[in-house]
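Structures given as structure tokens follow.
Two complexes are shown next, each including chain A; its partner changes from chain B in the first to chain C in the second.
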Partner chain A sequence: MAERIGVYVCKCGPNIGDKVDVGTIVNKVRGIKDVAVAKSHNLLCSGDGLKFLKEEIKNEKLSRVVIAACTPKQYEVKFMRACEEAGLNPYLMQMTNIREQCAWVTPDKSAATEKAKSFVIAAINRVSLQESIEKKEIDIQPDVLVVGGGVAGLEACLSLAQKNRKVYLVEKSPCIGGLTARFEEVYPTMECAPCMIAPELQEVLQKENIETFTYSEIEEVVGSFGNFTVKVKKKARYVSEEACIGCDACFEPCPVEVSNEYDEGLSTRKAIYLPFAGSLPNVPVIDEDNCKRFKGEECSICKENCSFDAINFDDEDRIIEKDVGAIILATGSTLFDPKELPQYGYGKYDNVVTAMQLERLNASNGPTGGKIQLKNGKEPKSMAFVYCVGRKEKGYCSGICCMYSLTLAHLVKEKLPGVKMHNFYTDLCLPKKEHQKMYKEAVEKGIEFIRSGENVTVTDEGEKIIVGTNGKKISVDMVVLAPAVEPNVDTEKIAEVLDIPRDDQGFFAEEHTLMKPFATALEGVFVVGSCQGPKDIGDAVAQGGAAAGRILSKLIPGEKLELEAKVSEINEDLCSGCNICIVLCPYSAISRDTEKKISVVDETLCRGCGTCVSACPTGAARAKHFTKEQIFAEIKGVVR
Partner chain B sequence: MNEPTIVSFLCNWCSYEGADKAGGARLNYPANIRIVRVMCSGRVDPELVIQALKEGASGVLILGCHPGDCHYKKGNYKALRRAYLLKKTLKQLGIEEERVRLDWVAAGEGERFAEIANEMAETMKNLGPLELS
Partner chain C sequence: MAKPKVAFYWNASCGGCEEAVIDLNEDILKVVEAVDIVFWPVALDFKKKDVEAMGDGEIAVSFINGAIRTEEQEEMVKLLRKKSGLIVAFGSCSHLGGIPGLANFWDRETIFTRVYKTVPSTANPNGIVPQQKTNVPEGELTLPEFYDTVKTLDQTIDVDYYLPGCAPPPDLIMNAVTAILEGKLPEKGAVLAPEKSLCDTCPRGEKKPEKLSIKEIKRPYEIIPDPEKCFLEEGIICLGPVTRSGCGERCINANMPCRGCFGPTKEVIDQGAKGLSAIASILGVEDEEKMTEEDTKKLIDQIVDPAGLFYMYSLPSSLLKRKRMA
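Now for the complex of A and B:
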């Protein structure tokens, strides 16, 4: 059947009408091969215009349409829909921009007309070669995997868990709640952190649609948005989560005592332990590295003391496989180790501690039950806070250290009103609406702020610690260091498992800093909270919720997922298997079919940039809707 | 009036929008700047450029997002590497390298687009039409 192309030139009222001789164009293109109709219209995007267009497509039995009007950025979608409604595949329509890129920039009417005409001819040339593209939809798995049980992950879990959707929460440590669960009070509300998150923790653990795997890690991820398969390694806990009632009777008798990492080394724990009092789930874990039994010694004291037969020395690591449609990484961050900078005396002097150690000293669930004390058990009479530890080395401001230090200063002042406090800072970062107030209040309480820059040294003099800066020396009982926030050690491994990029600082890289701050280069994988960059609690929660929202709007139970239509394809017969496209594809959308020794495009991952097409040496790669032939045809038109 | 055209490949995300902004601001540039939309500057392979010259264009403009801003991450870097090679090849063929210009225009940079378009038109005017033997 012969093609019937309809050409519609919009006057856009006077916008195009006054600047371009629309009539001339219509007359000129009428004679072109396959052009069945060429007409002008005063305002095609109006209700009347769209109705007119749809009737034209039907009445004139058009097989292709050219619309010369404003920028496609404005109404291309609208016109595509009109075509679809009139029964024409929307990819058989081509828009050309004779307003922004012609009428509005060319004062000379005959030159503008000439240019517009070339655009219209180019569009006719191009549309003749365009192909219908059918909407691609795939079945999806609405369930979601959340990795990391800190505040960002918790928020994501609770937002996502609903009817017909399961959420799997995978947490590396034996308990959920992240760092927040180990803080006493948090800024700017100065409220009790464990109380603040307790309801969320309980809800996550009890909600029917959330399955929590603590002491677990992700091992392998395959698939793409809508259909990932994840392997989770659930490490042997040696304590049955079903049988254990959390009575703690097993800790006491355990003969092993090691430093407790959850108290930042300020206390000891047993080989069978709970990270800290009240940590959830309330089920202990046996630490294989330190338990006598795993070192070949005879010991089963914990088992003997368990009245519920919850201890199982034969427990094994288990691999659990889950199908999910999307993945949220909320794996958090850690603090820079000040031992790397000897000038701060950390590790050398007993009473030089990190902010996190002071957090634990101040915490009622911490090693001293909340008593702030020196190594010798005495209360400090004077303290120095040193900010920006590691900022220069890391090369970025973590943005939260000023505030967590200020918070600690306030909390200490509350408990020990007589304590003298000196804060050594470089720049104060107090960005949010409540922060300045907290600083002002600190000053009012008599806390001293000294702008030291990074030039701070910590030495000792007898019992005292001397903080020196720019010729000034202050003698204190205790020094608190505020280290920079850095990526968790496992960030690299997880990035590898998922094949997603990290940024220059080692955090997971977001897709776009401003517009897609929680998406990644891999569609369907999101990064929220401080694993994407230093963040306070509120921002982490906001990101967790935002990513969940994105998923909720895309992965709807029972509905299909629509894929990008303008993707690349590879012609099997032409592909030489050189792999160039595989290396270049920014989305890892191309892989090698090892049997056929050629490249294949995964349409669920391809976003249609065409990079593979321009790199393909044999012409096997082809970008749908932007093929070489289509662009050539357009070029021919525009050069006249 | 019948000056040879300059085929301008604009990436869909930044540069095409930049050109639209120039229109919105009613900035003027010569009518021989003829725009062809591509999804990314990384899609512009030498074949497209050479075809434009073969069809009679006197020059080719390739505009993409600023480095670091490509909608597809690094397409513009790929365009940059390719343009470098292409210019070398053109030179060997006796074609002035100024006939191909790769540059960056952000979505908000209407003025920059108009400026580049004007400059390019001026350069082509000075060089005269391309004679391909």
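Now for the complex of A and C:
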């Protein structure tokens, strides 16, 4: 059957009508092969215009439509829907932009008309070769995996855990709550952090449709948005989460004593331990690396002291498999290690500490029960805060160090009103509505701020520590370093497991910094909180909620997921299995079919970007709706 | 019934395609038994006038190798077209332009200047270059015109089929001859070779990594490639992915990368551009985010003579066709 192409040129009121001779174009294209109708309209996107278009498609029995109007970014969806409503596959419609690209770029009406004419001819050439595309839908799994039990992950869990949806929370450490659980008071509200998050922690642990796996890591992820299968390794805890009541009776008798990483090395813990007082779940863990038993010695003191038979030395790592529709990564961050910069004396002088160490000293659940003290147990009389430690080396401002330092300064000042405090900063980063106030108050309290730049050296003089900058020397009892925020060590491994990109700094890369700050290149995998970049608590929570919202709106229990229609496809008869496309696909949508020895596209992952198509050396990869023939026909229309 | 008549002709070529026919070995006897060779300048003493004397379409098939570089070649192939039922472009040069087609980076003047004047081994104190007409005491001597641009056979005459390769391998030649004799020919314009590219049959395909990335480019003389490994994995540019298979992996088995003599697959318009696009796509792709502009430039600069490399056999048939001379 012969094609019947309808060409509709929109005047967009005076926008196109006054700048382009629409009549000339309509007359010119009428004679082109297969063009059954060519008409102009004053405003095609209006209600009248859309009605007119739908009637035309039906009455003229059109098989293809060209719309010459504004940018497709504006109303293409509207016109596609109109085609669909009129019974025409929307991919048999082609829009060409004669407003932004013709009418608005020159005051010369004849030049604009000439260009618009060639655009319309190009669109007619192209539309003749376009193919109907049917949208595909797949069944989905509404459950969600959240990796990381810090504030961002907690927020995501609680937002997602609803009727008909389970949430699996996987946390690497033995307890949930992330860094926040280890802080005392947090800015800008100066609230007790453990108290603030305690209700959330309890809710997560007790909510029926949240299943929490602490001391666990993700091992393998396969599948795609809507249907991932995840393997979680639940490491042997050697203490039954069901039997243990958290009575602590096992700690005391344990003969092993090692540095406690949860107190930044400021205290010791046993081989069977809770990370810190009040950590949740309230079930200890046996540290295999240090427990005597695992070093081949006979010891079962903890077991002997347990009245609830909760200790099981035969416990083993378990692999748990879960099907989920989406994954939220909330794996957090860590602080730059100041040992890398010897000028700060960290590791060399006892009383040079990091901000996180001061956090623990100040924390009521910390090693000193909240007493801020020097190594010798005495209270410091003077302190120096050094900001921007590692900023130059990392190449970015972490944006939260000024605030956490200021917070600590306030907290110390409250506990030790007499302490003299000097802040060595480069630039103060105080961007939010409450932050400037905290700085002002610090100044009012007599805390000194010295703009030192990064030129700061830390040396000692007897008991004292000397902070030197630009010829100035200040002698203090304690130096607190504010290191930059950097990605957690396992970020790289997780990125590999999921095959998602990281940014130049090593954080998980967001899909679009401004518009999709919590999405990744892999559809259905979201990054929230500080694993995506340094962030304060409020921002991390906001992202956790935002990603949850996105998932809630897309993965609706019982409903199907609509896939991108304009995907790429690989012609089996032409693909020679060179593998070039596989490494290039930004969405990991292409893999090798080892039996057929060719590349195959997973349509649920493909977003139709065309990267494989341009790189494919045999022309086997083809983008639906952007075929070589269509593009060349379009070019010929323009350059004829 | 009379045996079908067959002609062989050569244009701008090296003679390798003639050798390829001889390489049929005993099979040539089968060919000779089945057909009458009526014209084959390299082997048989027939003249142009013998061809001119034939009726239109009298020759069943002419196998024409070599690119079109001179007026004489154009004249001869036009004559053969007239006298032949089928024309088969035989070998890379007539199919794609081939090695002689690389001359399209120059033109007649620059070529003559180089060849007749500036080559160190040339002694030509009077700067004499070939002329189409030269007057001598005995009269006027003429030479055919040497064109500025080398063309493929199908840019000069209508071509029915293509036998690719530098030179076409004996099995493909025999398949083509058999298909012609049996009348089992594919659609006009087909390349008489498999549809997939060389990676499909490459013996190194099995062990190739799923994620190909080139960190450093090596030229074949710089390393001894591991005969088990994909050349791309070793940083040697191989045009196998962008080249039609059917060659019998002769270069690969000799531990040399593919240079593209079989031309592109049917979906590809420009082999060089596709090759460039494919290789460029995997340059440093694994560490892409860590690479600076300078690193990228350094890596790309390791490709010596990219135009000559990617368009080694296909420049005249490409979208570029030739270099535009100033």
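Everything that follows uses one rule, which is that the second predicted complex is superposed on the first by the 626 of 640 C-alpha atoms of A that agree within 3 Å, B and C clash if a C-alpha of one lies under 4 Å from a C-alpha of the other, contacts with A are read in each partner's own complex, and residues count from 1 in each chain.
Basically, a residue touches a chain if its C-beta (ideal position, glycine included) is under 8 Å from a C-beta of that chain, and two chains touch if they have at least 3 such contacts.
Everything numeric here is computed off the predicted structure, so don't read it as measured data.
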{"item": "First (chain B), second (chain C), both or neither touched by A:A111", "value": "first"}
{"item": "First (chain B), second (chain C), both or neither touched by A:R640", "value": "first"}
{"item": "Chain B versus chain C as contact partner of A:L169, first or second or both or neither", "value": "neither"}
{"item": "More chain A residues in contact [chain B versus chain C]", "value": "B"}
{"item": "Which superposed partner A:D503 touches (first chain B, second chain C, both, neither)", "value": "second"}
{"item": "Partner chain(s) touched by A:A38 [first = chain B, second = chain C, both, neither]", "value": "neither"}
{"item": "Touched partner set for A:L584, first chain B, second chain C, both or neither", "value": "both"}
{"item": "Chain B versus chain C as contact partner of A:C250, first or second or both or neither", "value": "neither"}
{"item": "Partner chain in contact with A:S614 - chain B first, chain C second, else both or neither", "value": "both"}
{"item": "Touching partner for A:V22 - first (chain B), second (chain C), both, neither", "value": "neither"}
{"item": "Set of chain A residues, in rising order, touched by both chain B and chain C", "value": "584, 611, 614-615, 628, 632"}
{"item": "In the complex with chain B, residue positions of chain A that touch it", "value": "71-73, 97, 99-108, 110-112, 114-115, 118-119, 122, 521, 566, 584, 586-587, 607-611, 613-615, 623, 626, 628, 631-632, 634-636, 638-640"}
{"item": "Interface residues, chain B side, partner chain A - complex", "value": "1, 4-5, 7, 16-17, 19-20, 22-24, 26-29, 31-32, 34-40, 42-45, 47-48, 51-52, 55-57, 71-75, 78, 82, 114"}
{"item": "In the complex with chain A, residue positions of chain C that touch it", "value": "195-200, 205, 208-213, 240-242, 245, 264-269, 274-275, 277-278, 281-282, 285-286, 289-290"}
{"item": "Touching residues (chain side chain A, partner chain C) in the complex", "value": "501-504, 571, 573-580, 582-584, 591-592, 597, 611, 614-620, 628, 632"}
